[in-house]
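After the C-alpha coordinates below, expect a handful of questions from me.
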Amino acid sequence: MDLGFEVDQRGSYTVLAVRGEVDVYTAPRLRERLIELVSQGSHQVVVDLEGVDFLDSTGLGVLVGGLKRLRSHDGDMILVCTQPRILKVFEITGLTKVFSIHDTVESATAG
Amino acid sequence: MDLGFEVDQRGSYTVLAVRGEVDVYTAPRLRERLIELVSQGSHQVVVDLEGVDFLDSTGLGVLVGGLKRLRSHDGDMILVCTQPRILKVFEITGLTKVFSIHDTVESATAG
Amino acid sequence: MAAAGEAVRPLGWDEADVELEIPARAEYVSLARLVVSSLASSRRDLADDRIDDLKLAVSEACTNAIEAYEPAGEERVVLHWRDEQDRLEVDVQDHGPGFDPSTLPERPSVADPMRPNYERGLGVPLMRALVDEVEFASSDDGTSVIMILFCPPVTPDGE
Amino acid sequence: MAAAGEAVRPLGWDEADVELEIPARAEYVSLARLVVSSLASSRRDLADDRIDDLKLAVSEACTNAIEAYEPAGEERVVLHWRDEQDRLEVDVQDHGPGFDPSTLPERPSVADPMRPNYERGLGVPLMRALVDEVEFASSDDGTSVIMILFCPPVTPDGE
(Lines give C-alpha, C1' and ligand atoms only; values in the text may rest on other atoms or scores of the structure.)
Protein backbone atom coordinates (compact mmCIF):
# COMPACT_ATOMS: atom_id res chain seq x y z
CA MET A 1 0.00 0.00 0.00
CA ASP A 2 1.51 3.24 -1.13
CA LEU A 3 1.09 6.76 0.01
CA GLY A 4 1.91 9.34 -2.65
CA PHE A 5 2.99 12.93 -2.09
CA GLU A 6 3.31 15.96 -4.30
CA VAL A 7 4.71 19.26 -3.08
CA ASP A 8 3.95 22.54 -4.79
CA GLN A 9 4.80 26.09 -3.73
CA ARG A 10 2.02 28.64 -4.22
CA GLY A 11 3.13 32.07 -3.07
CA SER A 12 3.73 31.82 0.66
CA TYR A 13 1.90 28.48 0.85
CA THR A 14 3.42 25.06 0.49
CA VAL A 15 0.83 22.65 -0.84
CA LEU A 16 1.27 18.99 0.08
CA ALA A 17 -1.07 16.79 -1.95
CA VAL A 18 -1.53 13.33 -0.44
CA ARG A 19 -2.70 10.29 -2.38
CA GLY A 20 -3.68 6.87 -1.06
CA GLU A 21 -4.67 5.41 2.29
CA VAL A 22 -3.49 7.02 5.51
CA ASP A 23 -3.48 4.44 8.28
CA VAL A 24 -1.25 3.07 11.02
CA TYR A 25 1.12 1.68 8.40
CA THR A 26 1.44 4.71 6.16
CA ALA A 27 0.84 7.61 8.58
CA PRO A 28 4.51 7.70 9.68
CA ARG A 29 5.44 8.67 6.12
CA LEU A 30 2.99 11.58 6.25
CA ARG A 31 4.46 12.65 9.60
CA GLU A 32 7.98 12.60 8.14
CA ARG A 33 6.89 14.66 5.18
CA LEU A 34 5.30 17.29 7.41
CA ILE A 35 8.34 17.46 9.69
CA GLU A 36 10.55 17.81 6.62
CA LEU A 37 8.49 20.70 5.27
CA VAL A 38 8.59 22.55 8.58
CA SER A 39 12.32 22.03 8.96
CA GLN A 40 12.79 23.38 5.43
CA GLY A 41 11.05 26.56 6.51
CA SER A 42 7.55 25.96 5.15
CA HIS A 43 5.28 27.34 7.84
CA GLN A 44 2.10 27.92 5.86
CA VAL A 45 1.15 24.43 4.78
CA VAL A 46 -1.90 23.36 2.81
CA VAL A 47 -2.56 19.62 3.00
CA ASP A 48 -4.68 18.56 0.04
CA LEU A 49 -6.64 15.44 1.04
CA GLU A 50 -8.69 15.15 -2.16
CA GLY A 51 -6.65 12.13 -3.29
CA VAL A 52 -6.97 10.33 0.04
CA ASP A 53 -9.17 7.22 -0.06
CA PHE A 54 -8.97 6.38 3.61
CA LEU A 55 -8.00 8.30 6.73
CA ASP A 56 -8.02 6.85 10.22
CA SER A 57 -7.30 8.16 13.70
CA THR A 58 -3.56 7.69 13.24
CA GLY A 59 -3.75 9.98 10.22
CA LEU A 60 -5.79 12.51 12.19
CA GLY A 61 -3.19 12.37 14.96
CA VAL A 62 -0.41 13.10 12.47
CA LEU A 63 -2.33 16.08 11.10
CA VAL A 64 -2.97 17.43 14.62
CA GLY A 65 0.71 16.95 15.42
CA GLY A 66 1.67 18.81 12.26
CA LEU A 67 -0.69 21.65 13.09
CA LYS A 68 0.84 22.00 16.56
CA ARG A 69 4.33 21.99 15.13
CA LEU A 70 3.44 24.67 12.58
CA ARG A 71 1.70 26.84 15.15
CA SER A 72 4.78 26.70 17.35
CA HIS A 73 6.54 28.31 14.40
CA ASP A 74 3.72 30.89 14.05
CA GLY A 75 2.60 28.97 11.03
CA ASP A 76 -0.64 27.22 10.16
CA MET A 77 -2.04 24.16 8.45
CA ILE A 78 -5.03 24.42 6.15
CA LEU A 79 -6.78 21.34 4.80
CA VAL A 80 -8.45 20.83 1.44
CA CYS A 81 -11.19 18.23 1.58
CA THR A 82 -14.62 17.82 0.01
CA GLN A 83 -15.06 14.05 0.25
CA PRO A 84 -17.94 13.29 2.62
CA ARG A 85 -16.37 10.12 4.01
CA ILE A 86 -13.16 11.94 4.92
CA LEU A 87 -14.96 15.02 6.25
CA LYS A 88 -17.07 12.76 8.43
CA VAL A 89 -13.98 11.63 10.34
CA PHE A 90 -13.08 15.23 11.15
CA GLU A 91 -16.65 15.94 12.20
CA ILE A 92 -17.00 12.97 14.55
CA THR A 93 -13.76 13.82 16.30
CA GLY A 94 -14.55 17.52 16.57
CA LEU A 95 -11.56 18.41 14.44
CA THR A 96 -13.58 20.54 12.05
CA LYS A 97 -13.35 23.10 14.88
CA VAL A 98 -9.58 22.85 14.96
CA PHE A 99 -8.65 22.85 11.28
CA SER A 100 -9.77 25.27 8.67
CA ILE A 101 -11.01 23.08 5.85
CA HIS A 102 -11.39 24.41 2.33
CA ASP A 103 -13.02 23.10 -0.83
CA THR A 104 -10.16 23.88 -3.18
CA VAL A 105 -6.44 24.55 -3.08
CA GLU A 106 -7.21 27.91 -4.69
CA SER A 107 -9.43 28.98 -1.83
CA ALA A 108 -7.01 27.56 0.76
CA THR A 109 -4.13 29.61 -0.64
CA ALA A 110 -6.18 32.75 -1.28
CA GLY A 111 -5.73 34.11 2.27
CA MET B 1 -20.01 -9.97 -7.39
CA ASP B 2 -21.96 -9.24 -10.53
CA LEU B 3 -21.73 -10.57 -14.00
CA GLY B 4 -23.08 -8.19 -16.63
CA PHE B 5 -24.46 -9.09 -20.04
CA GLU B 6 -25.32 -7.14 -23.14
CA VAL B 7 -26.90 -8.70 -26.20
CA ASP B 8 -26.66 -7.15 -29.63
CA GLN B 9 -27.75 -8.51 -33.02
CA ARG B 10 -25.31 -7.94 -35.88
CA GLY B 11 -26.63 -9.41 -39.11
CA SER B 12 -26.78 -13.15 -38.57
CA TYR B 13 -24.62 -12.95 -35.44
CA THR B 14 -25.82 -12.52 -31.90
CA VAL B 15 -23.16 -10.77 -29.85
CA LEU B 16 -23.13 -11.50 -26.12
CA ALA B 17 -20.81 -9.09 -24.29
CA VAL B 18 -19.85 -10.31 -20.82
CA ARG B 19 -18.60 -8.05 -18.05
CA GLY B 20 -17.13 -9.05 -14.67
CA GLU B 21 -15.66 -12.18 -13.16
CA VAL B 22 -16.65 -15.61 -14.45
CA ASP B 23 -16.12 -18.17 -11.72
CA VAL B 24 -17.89 -21.05 -9.97
CA TYR B 25 -20.38 -18.58 -8.49
CA THR B 26 -21.23 -16.58 -11.60
CA ALA B 27 -20.66 -19.12 -14.40
CA PRO B 28 -24.19 -20.59 -14.05
CA ARG B 29 -25.57 -17.21 -15.12
CA LEU B 30 -23.43 -17.29 -18.25
CA ARG B 31 -24.62 -20.82 -18.95
CA GLU B 32 -28.26 -19.74 -18.61
CA ARG B 33 -27.71 -16.82 -20.97
CA LEU B 34 -26.16 -19.04 -23.60
CA ILE B 35 -28.95 -21.63 -23.32
CA GLU B 36 -31.50 -18.84 -23.61
CA LEU B 37 -29.89 -17.49 -26.77
CA VAL B 38 -29.82 -20.91 -28.41
CA SER B 39 -33.41 -21.63 -27.48
CA GLN B 40 -34.40 -18.25 -28.97
CA GLY B 41 -32.87 -19.37 -32.26
CA SER B 42 -29.49 -17.61 -32.11
CA HIS B 43 -27.11 -20.15 -33.57
CA GLN B 44 -24.21 -17.90 -34.58
CA VAL B 45 -23.05 -16.51 -31.28
CA VAL B 46 -20.14 -14.17 -30.64
CA VAL B 47 -19.10 -14.04 -26.99
CA ASP B 48 -17.21 -10.82 -26.33
CA LEU B 49 -14.85 -11.40 -23.38
CA GLU B 50 -13.14 -8.00 -23.49
CA GLY B 51 -14.98 -6.89 -20.35
CA VAL B 52 -14.12 -10.04 -18.39
CA ASP B 53 -11.64 -9.51 -15.53
CA PHE B 54 -11.36 -13.12 -14.50
CA LEU B 55 -12.19 -16.44 -16.13
CA ASP B 56 -11.65 -19.81 -14.50
CA SER B 57 -12.12 -23.44 -15.52
CA THR B 58 -15.82 -23.30 -14.68
CA GLY B 59 -16.18 -20.44 -17.15
CA LEU B 60 -14.21 -22.36 -19.77
CA GLY B 61 -16.47 -25.36 -19.20
CA VAL B 62 -19.56 -23.22 -19.78
CA LEU B 63 -18.11 -21.87 -23.02
CA VAL B 64 -17.22 -25.38 -24.20
CA GLY B 65 -20.74 -26.51 -23.30
CA GLY B 66 -22.20 -23.59 -25.23
CA LEU B 67 -20.06 -24.37 -28.25
CA LYS B 68 -21.24 -28.00 -28.24
CA ARG B 69 -24.85 -26.93 -27.95
CA LEU B 70 -24.49 -24.49 -30.83
CA ARG B 71 -22.71 -27.00 -33.04
CA SER B 72 -25.50 -29.50 -32.44
CA HIS B 73 -27.75 -26.85 -34.04
CA ASP B 74 -25.27 -26.40 -36.91
CA GLY B 75 -24.26 -23.14 -35.32
CA ASP B 76 -20.98 -21.84 -33.95
CA MET B 77 -19.47 -19.80 -31.15
CA ILE B 78 -16.79 -17.23 -31.85
CA LEU B 79 -14.90 -15.51 -29.05
CA VAL B 80 -13.56 -11.98 -28.90
CA CYS B 81 -10.56 -11.66 -26.61
CA THR B 82 -7.30 -9.73 -26.65
CA GLN B 83 -6.45 -9.69 -22.94
CA PRO B 84 -3.28 -11.71 -22.35
CA ARG B 85 -4.37 -13.04 -18.95
CA ILE B 86 -7.64 -14.39 -20.38
CA LEU B 87 -6.04 -15.72 -23.58
CA LYS B 88 -3.50 -17.53 -21.43
CA VAL B 89 -6.24 -19.66 -19.86
CA PHE B 90 -7.38 -20.79 -23.32
CA GLU B 91 -3.82 -21.51 -24.33
CA ILE B 92 -2.93 -23.60 -21.28
CA THR B 93 -6.03 -25.73 -21.67
CA GLY B 94 -5.58 -26.17 -25.42
CA LEU B 95 -8.88 -24.42 -26.11
CA THR B 96 -7.33 -21.97 -28.57
CA LYS B 97 -7.51 -24.96 -30.93
CA VAL B 98 -11.21 -25.41 -30.28
CA PHE B 99 -12.53 -21.86 -30.38
CA SER B 100 -11.93 -19.32 -33.06
CA ILE B 101 -10.79 -16.25 -31.17
CA HIS B 102 -10.91 -12.79 -32.72
CA ASP B 103 -9.50 -9.41 -31.77
CA THR B 104 -12.67 -7.40 -32.36
CA VAL B 105 -16.41 -7.94 -32.62
CA GLU B 106 -16.15 -6.48 -36.13
CA SER B 107 -13.75 -9.15 -37.27
CA ALA B 108 -15.71 -11.88 -35.47
CA THR B 109 -18.92 -10.92 -37.28
CA ALA B 110 -17.28 -10.29 -40.65
CA GLY B 111 -17.45 -13.92 -41.80
CA MET C 1 -40.34 -15.54 -1.51
CA ALA C 2 -38.11 -12.50 -1.42
CA ALA C 3 -37.61 -10.69 -4.71
CA ALA C 4 -33.88 -11.24 -4.47
CA GLY C 5 -34.18 -14.98 -4.90
CA GLU C 6 -30.49 -15.32 -5.45
CA ALA C 7 -29.15 -15.58 -1.93
CA VAL C 8 -26.06 -13.40 -1.98
CA ARG C 9 -26.31 -13.01 1.75
CA PRO C 10 -25.31 -16.09 3.69
CA LEU C 11 -28.09 -17.87 5.46
CA GLY C 12 -27.06 -18.72 8.99
CA TRP C 13 -24.70 -17.68 11.72
CA ASP C 14 -22.16 -20.47 11.56
CA GLU C 15 -22.21 -20.93 7.87
CA ALA C 16 -21.61 -17.28 7.25
CA ASP C 17 -18.73 -16.91 9.62
CA VAL C 18 -15.55 -15.76 7.91
CA GLU C 19 -12.33 -15.72 9.87
CA LEU C 20 -9.20 -13.81 9.00
CA GLU C 21 -6.05 -14.24 11.03
CA ILE C 22 -3.22 -11.80 10.38
CA PRO C 23 0.18 -11.12 11.89
CA ALA C 24 0.01 -8.26 14.42
CA ARG C 25 1.75 -5.86 12.08
CA ALA C 26 0.70 -2.51 10.73
CA GLU C 27 0.96 -3.55 7.07
CA TYR C 28 -1.84 -6.10 7.46
CA VAL C 29 -4.54 -3.68 8.60
CA SER C 30 -5.32 -2.80 5.00
CA LEU C 31 -6.06 -6.48 4.33
CA ALA C 32 -8.59 -6.52 7.16
CA ARG C 33 -10.25 -3.45 5.62
CA LEU C 34 -10.31 -5.06 2.21
CA VAL C 35 -11.95 -8.22 3.52
CA VAL C 36 -14.55 -6.32 5.52
CA SER C 37 -15.48 -3.99 2.70
CA SER C 38 -15.70 -6.86 0.24
CA LEU C 39 -17.96 -8.88 2.54
CA ALA C 40 -20.08 -5.85 3.37
CA SER C 41 -20.52 -4.96 -0.32
CA SER C 42 -21.85 -8.42 -1.09
CA ARG C 43 -24.70 -7.68 1.29
CA ARG C 44 -26.87 -5.63 -0.98
CA ASP C 45 -28.67 -3.96 1.91
CA LEU C 46 -25.79 -1.78 3.06
CA ALA C 47 -25.26 1.73 1.69
CA ASP C 48 -21.73 2.72 0.70
CA ASP C 49 -21.33 5.15 3.58
CA ARG C 50 -22.25 2.46 6.09
CA ILE C 51 -19.65 0.19 4.54
CA ASP C 52 -17.09 2.99 4.91
CA ASP C 53 -18.09 3.44 8.55
CA LEU C 54 -17.67 -0.24 9.31
CA LYS C 55 -14.39 -0.38 7.45
CA LEU C 56 -12.97 2.49 9.48
CA ALA C 57 -14.23 1.08 12.79
CA VAL C 58 -12.68 -2.31 12.05
CA SER C 59 -9.46 -0.65 10.98
CA GLU C 60 -9.29 1.22 14.30
CA ALA C 61 -9.90 -1.99 16.22
CA CYS C 62 -7.13 -3.77 14.31
CA THR C 63 -4.75 -0.86 14.86
CA ASN C 64 -5.39 -0.98 18.61
CA ALA C 65 -4.98 -4.76 18.66
CA ILE C 66 -1.62 -4.46 16.93
CA GLU C 67 -0.47 -1.60 19.14
CA ALA C 68 -1.44 -3.60 22.21
CA TYR C 69 1.41 -5.97 21.38
CA GLU C 70 4.15 -3.33 21.07
CA PRO C 71 6.90 -4.23 20.66
CA ALA C 72 5.44 -6.52 18.02
CA GLY C 73 6.63 -10.10 17.83
CA GLU C 74 4.91 -13.04 16.28
CA GLU C 75 1.53 -12.25 17.70
CA ARG C 76 -1.67 -12.55 15.77
CA VAL C 77 -4.89 -10.63 15.37
CA VAL C 78 -8.05 -12.53 14.53
CA LEU C 79 -11.07 -11.03 12.84
CA HIS C 80 -14.45 -12.73 12.67
CA TRP C 81 -17.22 -11.71 10.35
CA ARG C 82 -20.75 -12.92 11.00
CA ASP C 83 -23.72 -12.25 8.81
CA GLU C 84 -27.25 -12.38 10.02
CA GLN C 85 -30.48 -11.27 8.45
CA ASP C 86 -30.83 -8.12 10.50
CA ARG C 87 -27.25 -7.33 11.45
CA LEU C 88 -23.66 -7.97 10.87
CA GLU C 89 -21.04 -8.43 13.49
CA VAL C 90 -17.30 -8.13 13.30
CA ASP C 91 -15.05 -8.92 16.17
CA VAL C 92 -11.35 -8.27 16.44
CA GLN C 93 -9.35 -10.24 18.97
CA ASP C 94 -5.86 -9.92 20.34
CA HIS C 95 -3.97 -11.55 23.18
CA GLY C 96 -2.33 -8.35 24.34
CA PRO C 97 -2.32 -7.03 27.92
CA GLY C 98 -5.93 -5.88 27.87
CA PHE C 99 -7.24 -2.58 29.23
CA ASP C 100 -10.15 -1.13 31.11
CA PRO C 101 -12.58 0.30 28.57
CA SER C 102 -14.63 2.01 31.29
CA THR C 103 -11.82 4.51 31.78
CA LEU C 104 -12.21 5.74 28.22
CA PRO C 105 -14.59 8.59 27.37
CA GLU C 106 -17.96 7.42 26.10
CA ARG C 107 -18.21 9.96 23.28
CA PRO C 108 -15.76 12.18 21.50
CA SER C 109 -15.62 15.46 23.41
CA VAL C 110 -16.09 17.57 20.34
CA ALA C 111 -16.34 20.82 22.25
CA ASP C 112 -13.20 20.27 24.29
CA PRO C 113 -11.00 23.34 23.82
CA MET C 114 -7.96 21.14 24.41
CA ARG C 115 -8.82 19.02 21.38
CA PRO C 116 -5.91 20.36 19.32
CA ASN C 117 -3.59 18.72 21.81
CA TYR C 118 -5.08 15.31 21.22
CA GLU C 119 -2.92 13.40 18.86
CA ARG C 120 -4.12 10.10 20.23
CA GLY C 121 -7.24 8.69 21.81
CA LEU C 122 -9.38 9.24 18.73
CA GLY C 123 -9.77 5.59 17.80
CA VAL C 124 -12.28 4.38 20.37
CA PRO C 125 -14.50 7.47 20.06
CA LEU C 126 -14.54 6.97 16.29
CA MET C 127 -15.50 3.32 16.64
CA ARG C 128 -18.31 4.23 19.02
CA ALA C 129 -19.65 6.85 16.64
CA LEU C 130 -19.33 4.82 13.45
CA VAL C 131 -21.12 1.57 14.23
CA ASP C 132 -24.40 0.88 16.00
CA GLU C 133 -22.88 -1.03 18.88
CA VAL C 134 -19.36 -1.57 20.18
CA GLU C 135 -18.56 -3.90 23.00
CA PHE C 136 -15.15 -4.36 24.58
CA ALA C 137 -14.36 -7.57 26.40
CA SER C 138 -10.92 -7.22 27.89
CA SER C 139 -8.91 -9.18 30.41
CA ASP C 140 -5.30 -10.10 31.16
CA ASP C 141 -5.64 -12.58 28.37
CA GLY C 142 -6.43 -10.04 25.71
CA THR C 143 -9.16 -7.99 24.17
CA SER C 144 -12.11 -8.68 21.95
CA VAL C 145 -13.90 -5.78 20.31
CA ILE C 146 -17.32 -6.58 18.90
CA MET C 147 -18.81 -4.16 16.41
CA ILE C 148 -22.38 -4.44 15.21
CA LEU C 149 -24.24 -2.80 12.35
CA PHE C 150 -27.99 -3.28 12.28
CA CYS C 151 -29.46 -3.79 8.85
CA PRO C 152 -33.13 -2.92 8.81
CA PRO C 153 -35.00 -5.55 6.79
CA VAL C 154 -35.76 -4.48 3.26
CA THR C 155 -39.40 -5.33 2.58
CA PRO C 156 -39.40 -7.16 -0.72
CA ASP C 157 -42.01 -6.20 -3.30
CA GLY C 158 -45.08 -8.38 -3.31
CA GLU C 159 -44.96 -9.45 0.29
CA MET D 1 21.24 -3.30 4.09
CA ALA D 2 18.78 -3.80 1.28
CA ALA D 3 17.71 -0.68 -0.59
CA ALA D 4 14.09 -1.30 0.31
CA GLY D 5 14.70 -0.70 4.00
CA GLU D 6 11.01 -0.51 4.61
CA ALA D 7 10.09 -4.15 5.07
CA VAL D 8 6.90 -4.55 3.11
CA ARG D 9 7.52 -8.25 2.88
CA PRO D 10 7.02 -10.11 6.12
CA LEU D 11 10.15 -11.47 7.69
CA GLY D 12 9.58 -15.00 8.81
CA TRP D 13 7.46 -18.02 8.20
CA ASP D 14 5.19 -17.95 11.21
CA GLU D 15 4.86 -14.25 11.49
CA ALA D 16 3.85 -13.92 7.90
CA ASP D 17 1.23 -16.59 7.93
CA VAL D 18 -2.22 -15.28 7.03
CA GLU D 19 -5.20 -17.55 7.43
CA LEU D 20 -8.58 -17.12 5.81
CA GLU D 21 -11.44 -19.42 6.69
CA ILE D 22 -14.54 -19.23 4.54
CA PRO D 23 -17.81 -21.09 4.31
CA ALA D 24 -17.67 -23.77 1.60
CA ARG D 25 -19.88 -21.78 -0.74
CA ALA D 26 -19.29 -20.56 -4.25
CA GLU D 27 -19.85 -16.89 -3.39
CA TYR D 28 -16.78 -16.83 -1.14
CA VAL D 29 -14.23 -17.87 -3.75
CA SER D 30 -13.93 -14.26 -4.92
CA LEU D 31 -12.91 -13.27 -1.38
CA ALA D 32 -10.09 -15.83 -1.44
CA ARG D 33 -8.92 -14.35 -4.75
CA LEU D 34 -9.06 -10.85 -3.36
CA VAL D 35 -6.98 -11.78 -0.31
CA VAL D 36 -4.39 -13.63 -2.36
CA SER D 37 -3.99 -10.89 -4.93
CA SER D 38 -3.75 -8.22 -2.25
CA LEU D 39 -1.07 -10.15 -0.36
CA ALA D 40 0.80 -10.97 -3.53
CA SER D 41 0.77 -7.32 -4.67
CA SER D 42 2.34 -6.18 -1.42
CA ARG D 43 5.35 -8.31 -2.30
CA ARG D 44 7.04 -5.98 -4.70
CA ASP D 45 8.96 -8.78 -6.39
CA LEU D 46 6.03 -10.37 -8.19
CA ALA D 47 5.01 -9.29 -11.68
CA ASP D 48 1.32 -8.72 -12.36
CA ASP D 49 0.98 -11.78 -14.57
CA ARG D 50 2.43 -14.01 -11.84
CA ILE D 51 -0.09 -12.58 -9.41
CA ASP D 52 -2.86 -13.37 -11.91
CA ASP D 53 -1.52 -16.92 -12.26
CA LEU D 54 -1.50 -17.48 -8.52
CA LYS D 55 -4.95 -15.95 -8.13
CA LEU D 56 -6.40 -18.30 -10.72
CA ALA D 57 -4.65 -21.37 -9.27
CA VAL D 58 -5.94 -20.56 -5.78
CA SER D 59 -9.39 -19.93 -7.16
CA GLU D 60 -9.40 -23.35 -8.81
CA ALA D 61 -8.28 -25.01 -5.57
CA CYS D 62 -11.06 -23.26 -3.63
CA THR D 63 -13.62 -24.24 -6.23
CA ASN D 64 -12.59 -27.90 -5.98
CA ALA D 65 -12.62 -27.73 -2.18
CA ILE D 66 -16.16 -26.37 -2.22
CA GLU D 67 -17.34 -28.86 -4.82
CA ALA D 68 -15.86 -31.69 -2.76
CA TYR D 69 -18.55 -30.98 -0.17
CA GLU D 70 -21.53 -31.12 -2.53
CA PRO D 71 -24.23 -30.90 -1.36
CA ALA D 72 -22.84 -28.00 0.62
CA GLY D 73 -23.67 -27.72 4.27
CA GLU D 74 -21.86 -25.82 6.93
CA GLU D 75 -18.43 -26.94 5.87
CA ARG D 76 -15.44 -24.67 5.72
CA VAL D 77 -12.49 -24.10 3.47
CA VAL D 78 -9.25 -22.81 4.98
CA LEU D 79 -6.60 -20.94 3.08
CA HIS D 80 -3.09 -20.32 4.40
CA TRP D 81 -0.69 -17.80 2.97
CA ARG D 82 2.97 -18.01 3.83
CA ASP D 83 5.62 -15.58 2.74
CA GLU D 84 9.26 -16.41 2.58
CA GLN D 85 12.18 -14.58 1.04
CA ASP D 86 12.42 -16.81 -2.01
CA ARG D 87 8.91 -18.15 -2.37
CA LEU D 88 5.36 -17.92 -1.38
CA GLU D 89 3.08 -20.76 -0.51
CA VAL D 90 -0.66 -20.97 -0.43
CA ASP D 91 -2.52 -23.98 0.75
CA VAL D 92 -6.21 -24.66 0.50
CA GLN D 93 -7.72 -27.25 2.81
CA ASP D 94 -11.05 -28.97 2.93
CA HIS D 95 -12.48 -31.88 4.89
CA GLY D 96 -14.28 -33.39 1.95
CA PRO D 97 -14.06 -37.03 0.84
CA GLY D 98 -10.60 -36.70 -0.66
CA PHE D 99 -9.49 -38.13 -4.01
CA ASP D 100 -6.56 -39.81 -5.66
CA PRO D 101 -4.55 -37.13 -7.46
CA SER D 102 -2.41 -39.75 -9.23
CA THR D 103 -5.39 -40.68 -11.39
CA LEU D 104 -5.49 -37.17 -12.85
CA PRO D 105 -3.51 -36.30 -16.00
CA GLU D 106 -0.18 -34.63 -15.27
CA ARG D 107 -0.49 -31.99 -17.96
CA PRO D 108 -3.33 -30.60 -19.97
CA SER D 109 -3.58 -32.69 -23.10
CA VAL D 110 -3.66 -29.72 -25.42
CA ALA D 111 -3.52 -31.79 -28.58
CA ASP D 112 -6.33 -34.12 -27.61
CA PRO D 113 -8.87 -34.06 -30.46
CA MET D 114 -11.62 -34.81 -27.95
CA ARG D 115 -10.86 -31.61 -26.08
CA PRO D 116 -14.12 -29.94 -27.19
CA ASN D 117 -15.98 -32.51 -25.19
CA TYR D 118 -14.22 -31.57 -21.98
CA GLU D 119 -16.44 -29.33 -19.98
CA ARG D 120 -14.75 -30.37 -16.77
CA GLY D 121 -11.37 -31.51 -15.59
CA LEU D 122 -9.63 -28.29 -16.55
CA GLY D 123 -8.99 -27.07 -13.00
CA VAL D 124 -6.11 -29.30 -11.91
CA PRO D 125 -4.24 -28.97 -15.25
CA LEU D 126 -4.58 -25.19 -14.96
CA MET D 127 -3.22 -25.20 -11.42
CA ARG D 128 -0.28 -27.34 -12.49
CA ALA D 129 0.55 -25.01 -15.36
CA LEU D 130 0.09 -21.74 -13.47
CA VAL D 131 2.26 -22.13 -10.39
CA ASP D 132 5.76 -23.52 -9.97
CA GLU D 133 4.74 -26.41 -7.74
CA VAL D 134 1.45 -28.01 -6.78
CA GLU D 135 1.18 -30.73 -4.24
CA PHE D 136 -1.97 -32.62 -3.33
CA ALA D 137 -2.25 -34.29 0.05
CA SER D 138 -5.53 -36.13 0.14
CA SER D 139 -7.05 -38.70 2.43
CA ASP D 140 -10.46 -39.75 3.76
CA ASP D 141 -10.19 -36.78 6.03
CA GLY D 142 -9.95 -34.23 3.27
CA THR D 143 -7.58 -32.57 0.89
CA SER D 144 -4.84 -30.03 1.14
CA VAL D 145 -3.51 -28.40 -2.02
CA ILE D 146 -0.21 -26.62 -1.66
CA MET D 147 0.76 -24.16 -4.37
CA ILE D 148 4.20 -22.59 -4.52
CA LEU D 149 5.57 -19.67 -6.50
CA PHE D 150 9.33 -19.18 -6.41
CA CYS D 151 10.47 -15.59 -6.24
CA PRO D 152 14.03 -15.18 -7.48
CA PRO D 153 15.88 -12.83 -5.17
CA VAL D 154 16.15 -9.27 -6.42
CA THR D 155 19.73 -8.12 -5.90
CA PRO D 156 19.48 -4.74 -4.23
CA ASP D 157 21.64 -1.90 -5.52
CA GLY D 158 24.83 -1.36 -3.61
CA GLU D 159 25.31 -4.87 -2.37
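Read from first to last, the chains carry the letters A, B, C and D; within each, the first residue is number 1.
Note that in this section a residue touches a chain if its C-beta (ideal position, glycine included) is under 8 Å from a C-beta of that chain, and two chains touch if they have at least 3 such contacts.
Keep in mind the model is a prediction, meaning the values are calculated, not measured.
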{"item": "Furthest chain, CA centroid comparison against subunit D", "value": "A"}
{"item": "Approximate Å spacing (C-alpha centroids) for the pair subunit A, subunit D", "value": "41"}
{"item": "Between subunit A and subunit B, centroid-to-centroid distance (C-alpha), Å", "value": "49"}
{"item": "Approximate Å spacing (C-alpha centroids) for the pair subunit B, subunit D", "value": "26"}
{"item": "Subunit A, residues touching no fewer than two other chains", "value": "1"}
{"item": "Multi-chain contact sites of subunit C, meaning residues that touch two or more partners", "value": "27, 30, 42"}
{"item": "Touching pairs - complete list by chain label", "value": "A-C, B-D, C-D"}
{"item": "List of subunit C residues in touch with subunit D within their complex", "value": "8, 10, 12, 14-23, 25, 27-28, 30-31, 34-35, 38-39, 42, 73-74"}
{"item": "Residue ranges of subunit C touching subunit A (in the complex, touch as defined)", "value": "26-27, 29-30, 33, 49, 52, 55-56, 59-60, 63, 66-67, 108-112, 115-120, 122-123, 125-126, 129-130"}
{"item": "Subunit D partner contacts - residues on subunit B that touch it in the complex", "value": "1, 21, 23-25, 54, 56-58, 60-62, 64-65, 67-68, 84-85, 88-89, 92-95, 97-98"}
